[in-house]
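Going by the order they are written in, the chains are A, B, C and D; count residues from 1 in each one.
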Amino acid sequence: MTNANVMEKPQTIELFEELESQVRSYIRSFPTVFTKAKGYRLWDEAGKEYIDFFAGAGSLNYGHNHPVLKQKVIDYMMEDGVVHSLDMATKAKAEFLKRFEQIILKPRGMDHKIMFPGPTGTNSVEAALKIARKVTGRDTIMCFTNAFHGMTMGSLSITGNAMKREGAGVALHNSVFMPYDGYFGEEVDTVDYIDAMLQDNGSGVDKPAAIIFETVQGEGGINVSSYEWMKRIEQLCRRHDILLIVDDVQMGCGRTGTFFSFEKAGIEPDIICMSKSIGGFGLPFAITLLRPELDIWKPGEHNGTFRGNNLSFVAAAEALSFWADTKLTEKIDRQAEQIQETLESVAKAYPKLKGSARGRGFIQGIAFEAGSAADEISAEAFKRGLIMETSGVESQVLKVMPPLTIDDKGLNEGLELLRQSVKAVHDRLDG
Amino acid sequence: MTNANVMEKPQTIELFEELESQVRSYIRSFPTVFTKAKGYRLWDEAGKEYIDFFAGAGSLNYGHNHPVLKQKVIDYMMEDGVVHSLDMATKAKAEFLKRFEQIILKPRGMDHKIMFPGPTGTNSVEAALKIARKVTGRDTIMCFTNAFHGMTMGSLSITGNAMKREGAGVALHNSVFMPYDGYFGEEVDTVDYIDAMLQDNGSGVDKPAAIIFETVQGEGGINVSSYEWMKRIEQLCRRHDILLIVDDVQMGCGRTGTFFSFEKAGIEPDIICMSKSIGGFGLPFAITLLRPELDIWKPGEHNGTFRGNNLSFVAAAEALSFWADTKLTEKIDRQAEQIQETLESVAKAYPKLKGSARGRGFIQGIAFEAGSAADEISAEAFKRGLIMETSGVESQVLKVMPPLTIDDKGLNEGLELLRQSVKAVHDRLDG
Amino acid sequence: MTNANVMEKPQTIELFEELESQVRSYIRSFPTVFTKAKGYRLWDEAGKEYIDFFAGAGSLNYGHNHPVLKQKVIDYMMEDGVVHSLDMATKAKAEFLKRFEQIILKPRGMDHKIMFPGPTGTNSVEAALKIARKVTGRDTIMCFTNAFHGMTMGSLSITGNAMKREGAGVALHNSVFMPYDGYFGEEVDTVDYIDAMLQDNGSGVDKPAAIIFETVQGEGGINVSSYEWMKRIEQLCRRHDILLIVDDVQMGCGRTGTFFSFEKAGIEPDIICMSKSIGGFGLPFAITLLRPELDIWKPGEHNGTFRGNNLSFVAAAEALSFWADTKLTEKIDRQAEQIQETLESVAKAYPKLKGSARGRGFIQGIAFEAGSAADEISAEAFKRGLIMETSGVESQVLKVMPPLTIDDKGLNEGLELLRQSVKAVHDRLDG
Amino acid sequence: MTNANVMEKPQTIELFEELESQVRSYIRSFPTVFTKAKGYRLWDEAGKEYIDFFAGAGSLNYGHNHPVLKQKVIDYMMEDGVVHSLDMATKAKAEFLKRFEQIILKPRGMDHKIMFPGPTGTNSVEAALKIARKVTGRDTIMCFTNAFHGMTMGSLSITGNAMKREGAGVALHNSVFMPYDGYFGEEVDTVDYIDAMLQDNGSGVDKPAAIIFETVQGEGGINVSSYEWMKRIEQLCRRHDILLIVDDVQMGCGRTGTFFSFEKAGIEPDIICMSKSIGGFGLPFAITLLRPELDIWKPGEHNGTFRGNNLSFVAAAEALSFWADTKLTEKIDRQAEQIQETLESVAKAYPKLKGSARGRGFIQGIAFEAGSAADEISAEAFKRGLIMETSGVESQVLKVMPPLTIDDKGLNEGLELLRQSVKAVHDRLDG
């Protein structure tokens, strides 16, 4: 094996501009070459340190290179554990299955079957849509304004963002968009709206196979649905014999405080999509949970080469330990309150930006009315050593999503950098 | 962090039956729990050793736990290299980009842009279909009988297998299937057929955005297209102003001998889909290569959480070293001949099974006319310690795809087990 | 030419049950064999006389066998005028074009091009959808709850009735249903709702090629849109660069008082669909009116065998005379008031049926909350010699749509029979 | 009723250019205003006489203004027979049903149910597609290269012509095009091709609800399928449990010699679409014939305002007399031979045009290799007083379809004009 050493000088960002497709995105907001990461911190090739309030868009809930997870993965590799196994049985996969049942399903009284689609969120969603249609024999999926479910054709058809939808290059079918909780303001109950359309045989809204929603729309602008709304959606599903899918890809694994983001709503989705932090260590991994009676797949009817990513099984199995007791939830709840207070006080302190705080748990932010405020603040923060993205279809929402494991020191530092960044942009307006 | 040790006794296969979805497939053919793997060998929890003639369905071209790749990955982790980076720049990604340009693109006179879709083959294909439609403004993708491109909705629409198509639960649109090379026997030139339909404005076959094909259809039954056919398809594309996509997910990275499987045909696809062994170590990874003029994506128009799987960047960059000279290709060519001769002699030696050898490079097999012969031989082989899958819509083809790095000893042993397995099934018929 | 006289005895309704498809519908509500018709009256083979409050579902606005129209048609036939001409030029067609321009378009300041699709409402709508999509390059048509636009695939996709939609046998695409005026009660402005969805690039509601509506939804349950709502929809279309289509198939030709049903709203649709009474005499005929700048059809891009039904040209040209002055409109307005007063008083007089009057001009009715009241009243009326249909997805609305030419005597008689029929059903409930 | 006499001077063709949509087509080939028609002759406003070899594209099989049919229609109108009846029962409809059963169905041993869709060919086809999908639960319709089935969305999706397909403005779904008989030359059996695709579960060709074909493709260029091919398609349908639909809109009612155009093939389609000449007099009319077991429509599931065009019932019932004995068939067969001989001799006599005769019965023509020959000959013929259209996607086929009732004198005259016109174009080439 010849190893032609082709890299001699330090990387520069230009390399990416030259060789990588124009589709690249986050690199444009955070134009530096990162080399190292640990917990809530990142370092670039110049040695500059960053606090990470982005957490891999929710894939790094337990932080970068968590030492226990890392050691487990390395140990597994050192023993020449099977790395890639398609969907054959391995010790690592067995361990994950067993622990997921013991720590997650059983204590919650759930008996969902665990399906391993390809190792990405969109794949988990595609599998969910397929089985929902197969079980019900219906075509339509009911989804919501500003939903984000993924970029493959099935998931894209239920994603709201117009720019991303146009990327399909073809018309997207078999979905119907309904107003999410709060879409028309607090006084309008959008469940009533949906119910009216479903009850009316003349509405033109075909009875869907399933309703799918995110409990908090992260990409869509940190839109938070109330627990009551979720409960009413579930009741609507039961009343109309429609399957309920929760896309917990970003909000699951504790992002909002509990393992599943819908636990406090007291609902029991028929199908649950998980990815991102379910792998624990940031490696690709996804599962789709199905009520047993829905599990009518034929063998291999939905498959994928990388559904057996064993390094993820190892890290994922270990990461479930975070949920074996309530300590992490308590910590999240406590710090989430601090985040909320900070964001509210910041929004209030710099009124010219017309910001308002929003969010739940460790997915919070400030929505700005002023045009590019969020983008400018994100850029300011980056300069100051804080990685913080925006969301919403117009990038109008500043998004705060630290690793769940961040300590108070890190959180305080990050929030202080956030405050400074907002102030800087606000002051510029003042100028 | 509490680590509830929930696993006490040896894993059994029943655990999977109890907890995992019915969709599981390969575990049914190879019902044991694997614990360890190295090179071309696997071991199960009972300590039994298996020779791997499946190679992760083409994801393990360099074998299991290749020591150099493994060490690179472990070293990277030990240094707390960034594991998950979305599409931000990292040192590991830069290294991959640079080496891919130096070792792969430049020597072949290619200037394709490198796109990182989600880390799976189907995601690479979905990205290809989207950009082809966006660039041309056309809806239809022309694809081929017995094609396999993936399980998400876009890729599934161009996949031939009826059982998998039905899994969609909805009608699949915007694709048109044409007969692959040799579909109607050797005497019928299917390019002429396609050309006639495209030239005729009354044929009802809408002008497609792109034609997509695999150079050898692995899942479809090891159907091999001739280099001339590929060349004529390319000419057809140029003549009709249609984009040419090669799905090299399974056949790329040397499976047929050269890095790209189409190199000997002398064609230059507009878009190339790669996954499986491009990651080198069996970790999820995919790229889509685009001619620069097609790279009209808007930033973020196609994205995905795991497009920045840095452990894959590290292993993938290293694995490219296999292609820095021609040694591996020469070895493949030499051993491929041996495989072919063996398969032909086996097919001849056991005529009651009505088998005929087929394939190219390290993707070869025997197609059987007799109903379940391939499945039975695969089961026999498993008993004897050989992992060997079937393919084709009726599982009628026994498939031989060892790691490219297998040594002569391993190859000989595996082929001998194959011969014994065929004989056993043949003898049973004799009985 | 041999004329085998196969009919010897009086027709019976059984003949239809034996030979005609189960799809037959109105014959089930009005199970008798009609033989003769004149003005607002019909007679069956037993000689029983009926007052017609159905008017061919709006195709017989000028009554049955109007003597002037009939004479014109017979004269034309006697002279061996061209009956069927595809879209070649005929004297009869020229006359229609000229008169339509002179009497209808010019006085209203319109310069729409006149297109002759196939001779049915659904064909006019299909042509409208096609040209709207062709002009804008967009796929989606925005339509409304309880809309009815026709039964061919394009029109059906924008029709609300679930039973009829299921008849398609396939999923219906490229349409999005919005709440019609008043759908959520008087207090909710549905234009605001639509506007919010269109303004929000994350709503998932793709920008449509066109918005299509009926000014009064006849089949949908006599839902009346306010003039202000129509005006606001037009403004919305202009603001978002969306084409406006009015389907005036049933409401046009004076059904609501003016020639076009939208005249009082002061709007100027880009495309107008007309059929039913545009032919004047009840013969198949349809036109689609297009603003000149939208008329980018290629020759023959939309065609149809019967777009040149000259007997319709003759009758239609003559029937336009009704609109050369305001007499008919004044008569309709006067009698419409009487109908409204009667329906309101009837609804009030028989409160147990929980009916409420609704409608505009000569399309009025009573919506009943009580289950089958409308159907029962229709059946009672039929016994008494009054043809009166129901509408709405649950047949919950009794529909009154006499010929526009009905005299006071006929109207009084019909309304009296209506009152008696309502009373009979009410009394039965009392029993 | 005020009759504003707006027409004072003779019509000119300019009127149409000014007021009618650009979509107009035949008027461009035959630019004159017709005023009168009788049998096989037409006259324009200048008094010029034309022989009609177009016959309303097959809608005037019994000629213009057939005296018996005309008298029946006038008599019916004079008695104030019901003209428009939706699908209520009328004496005229009963008469048609009874006679259709007696003269057509019974003698052929058929018990198909008669469905009245809207009064056009495309509507008959849309109804056929809907019921085929509803009965089978499948989405796809298999259709053929160069098929023409109509312009509404469902029919258009199974029509081959690219220009017309683009008119849809959206992607057309749920159809798959197969090569028609002879598409790849005489030596290729296209049924084998289709059979291979249907048998192969990996072909990507979804099992269709139905196969639909025209026995001769009129619009598609007078492509004639052999009786054996039709029979083999029927066998294929039975073998694969696929419904067989014959679109006999243009070829039915004797155009090829027998009432149904498939009679000589000995097949029994499950569904038959009829329109054009089924009305007898050129008035809009259509029926769809369904095997009784397929008649699972719900009442009103497919409807249409003009499905009760009683003038057509009257004429259609009377026109069936033509089929009460075999005289017309014998006459067609005899004259068809003469047409064929003439076309062959003409094609031979003017070899520079590279024409070859084709067709069956009274739908014959000459296909020219030379670019615009057919169009030029059509234009020459028009000058000489012969109406004769072209067909084929490039207008490459000169089409001869006189009324079935044409006498020998008329036929001779027309064929002589045809010969002169061909000669004129040929001579021009010689020049």
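What we mean here is this: contacts are C-beta pairs under 8 Å (C-beta built on N, C-alpha and C of every residue); 3 or more make two chains touch, one makes a residue touch a chain.
This one's a predicted model, so the numbers in the text were calculated from it and none came from an experiment.
**Q** Do chain C and chain D face each other with the same patch, meaning over half of the contact numbers show up on both, or with different patches?
**A** same
**Q** Taking mean CA positions as centres, which chain lies farthest from chain D?
**A** Max centre-to-centre separation from chain D belongs to A.
**Q** Averaging only over C-alpha atoms, locate the centres of chain A and chain D and give their separation in whole Å.
**A** Centre-to-centre distance between chain A and chain D: 58 Å.
**Q** Measuring from the mean C-alpha position of chain C to the mean C-alpha position of chain D, what distance in angstrom results?
**A** Spacing between the chain centres: roughly 29 Å.
**Q** Quick one: chain A and chain C, Cα centre-to-centre, how many Å?
**A** 50
**Q** At least two partner chains per residue is the criterion; list those residues in chain B.
**A** Within chain B, residues 139, 163, 170-171, 173-174 contact more than one other chain.
**Q** Which stretch or stretches of chain C touch chain A in the complex?
**A** Touch residues, chain C against chain A: 139-140, 143-147, 158-163, 165, 171-177, 179, 183-184, 193, 196-197, 200-207, 220-221, 392-394.
**Q** Would you tell me which residues of chain B are touching chain C in their complex?
**A** Answer in residue numbers: 170-171.
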